[in-house]
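Each of the two complexes below includes chain A, the first together with chain B, the second together with chain C.
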Partner chain A sequence: MLFSFPVNLIAGIDITAGALSANKTRLDIVAQNIANAQTTRTIGGGPYQRQVVSFETELIRRVAGGGSSLQGVKIGAIANDRTPGQQVYNPQHPDATADGLVTMPNVNLSYEMVDLITASRAYEANLAVVKSARQMAMKALEIGR
Partner chain B sequence: MTPIGPVPPLHAGTLQRIDAPLPKIALPTAPGTAAPTPGFGAMLDGLVATVDAKQQAAGALTRQVLLGDTDQLHQSVIAMQEAGVAFSMMVEVRNKLVESYQELMRMQV
Partner chain C sequence: MAPALLNRARVIDPIFQTDNYQLARKLLDAAALRHEAIATNIANAETPGFRRLEVAPDFAVQLKARVTAGDFVHTAGALHPVLAEDPTARSIRPDGNTVELERELLAMNRNAVEYDYLTEIVSNNLKQLKLAITGRTLT
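Here is the complex of A and B:
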């Protein structure tokens, strides 16, 4: 093709898109944790275990744009939180042991709310980057006017 | 009062003689022998095609989101923004072209 745009017209948008995806996954995991805060029976047996997300950097090499490489982010691992769950005395519960104790999930709602707000704010920050990058591109187009 | 003297001769050396041979202007020997070079039209075609490809990609992403194939809403919106910026750039290029054309048409020959 005689004339072609670069892959990304808006600078650095692929990195921000990766960060948005990662934060969205974190939000999904928080939702899963909150939803399963009372789940005492899972496929693997035993109560639900809280899951935690860790991010890792991802090298994005841009060959066309001068060869500079930038570090994006992606989900590194989704691991189980190994903290033992709280044991409550509830003999009527179907998952209670012989002495009437039920092991509840190790989900702490306060932690989950903090994670929720953190993920939400991080998402907003990345959206602000998107907005600003787009404004920069549009301002650059106004040079010739 | 000084009398009018003889008129000094013209510096004929710097002037070009009328009967001197004119410098050759290269004319095409025969029309149609040179290969047609891709001009502005091809470039504009490429530009429009690229912008159209970006918009179609954005449309496909939006369609995927709406159909529930993916939940990457931000990818779709970012693709739409990018298509918008590409379109604006195309319009800017077109404005510049039309401006220079009009500038040429106003030129006094």
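Here is the complex of A and C:
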């Protein structure tokens, strides 16, 4: 078996790393949703559908001596939001139907902005954890100095 | 071991065999583990159904019991902090997640200060030993 360190020098950095990348993905998806808020033509046909990210826990490490184990987070699924898009009357639009209606993407900018702020705050909180863990590691290295 | 070395061990050992030093060691273990628990909680702040983790309260109980019973130094080895789901945390969110970000950040800061304090105690124990050996304080 390969030798592996039972404990990281910086406590919990493996957990936080997963969370940072998961939240980064969420920000990417928000960016994609906002960018495609007006896209009425996609490869699959029809208007763009809003993407939703769901998180799930991921076992990182068991704690020696039993008890609950440490859990990271990862992207569980990126799924389509199935809410029907709004129909707008716009006969000049190239994708309008015979009666002049265009189905717009189901992207709601206010939802996306809320998601954007939540994701970046979560990202910041995780960064604060690494920062604090780093200070703790530095303190541990100063023992006996 | 040569007799001279054996005598020296008898002088040095008592520093490491005090209750305070061993307690500080155990509490440092617990603080490092608590930090990982908080990292887990903050990482899963948005995971549906996640329940916040905490160092099992049994650890503090055991620690206290062993200190009051005396001979902590020799019984401390078998004691390890473990994690448990926090039974007191209630969810106020529809997804059943019991993590509150503010609470976790406060716990994290508190834990970091505790960690600093404990490293200071361990440091001072070692400094005292060095002072005893060299007869002068370290600069």
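Note that the second predicted complex is superposed on the first by the 130 of 145 C-alpha atoms of A that agree within 3 Å, B and C clash if a C-alpha of one lies under 4 Å from a C-alpha of the other, contacts with A are read in each partner's own complex, and residues count from 1 in each chain.
Everything below uses one rule, namely that a residue touches a chain if its C-beta (ideal position, glycine included) is under 8 Å from a C-beta of that chain, and two chains touch if they have at least 3 such contacts.
Please read these numbers as outputs of a predicted model, since none were measured by experiment.
Q: Is A:Ser110 in contact with chain B, with chain C, with both, or with neither (first, second, both, neither)?
A: In the superposed model, A:Ser110 contacts neither chain B nor chain C.
Q: Figure out whether A:Lys24 sits in contact with chain B (first) or chain C (second), or with both, or with neither.
A: The first partner, chain B, only.
Q: Once the structures are superposed on A, label A:Gly144 by its partner contacts, choosing first (chain B), second (chain C), both or neither.
A: Both partners, chain B and chain C.
Q: Using the superposition described at the top, determine whether chain B or chain C touches more residues of chain A.
A: When the residues of chain A touched by each partner are counted, C comes out ahead.
Q: Between chain B (first) and chain C (second), which, if any, makes contact with A:Gln92: first, second, both or neither?
A: It touches nothing on chain B or chain C.
Q: Just checking: does A:Gly12 make contact with chain B only, chain C only, both, or neither of them? Give me first, second, both or neither.
A: Second partner only, chain C.
Q: For chain A, which residues belong to both interfaces, chain B and chain C?
A: Common to the two interfaces on chain A: residues 13, 16, 144.
Q: List the residues on chain C that touch chain A in their complex, please.
A: The contact residues of chain C facing chain A are 28, 31-33, 35-40, 42-48, 50, 53, 56, 80-85, 101, 104-105, 108-109, 112, 115-116, 119, 122-123, 126-127, 138.
Q: Provide the residue numbers of chain A that touch chain C in the complex, in ascending order.
A: By the definition above, chain A touches chain C via 7, 11-13, 15-16, 18-19, 22, 54-57, 60, 63-73, 118, 121-122, 125-126, 128-129, 132-133, 135-136, 139-140, 142-145.
Q: Mind listing the chain B positions that touch chain A in their complex?
A: Residue list for chain B touching chain A: 38, 42-47, 49-51, 54, 71-72, 74-75, 78, 81-82, 85-86, 88-89, 92, 95-96.
Q: Would you mind writing out the residues of chain A in touch with chain B in their complex?
A: Residues of chain A touching chain B: 1-5, 8-10, 13, 16-17, 20-21, 24, 127, 130, 134, 137-138, 141, 144.
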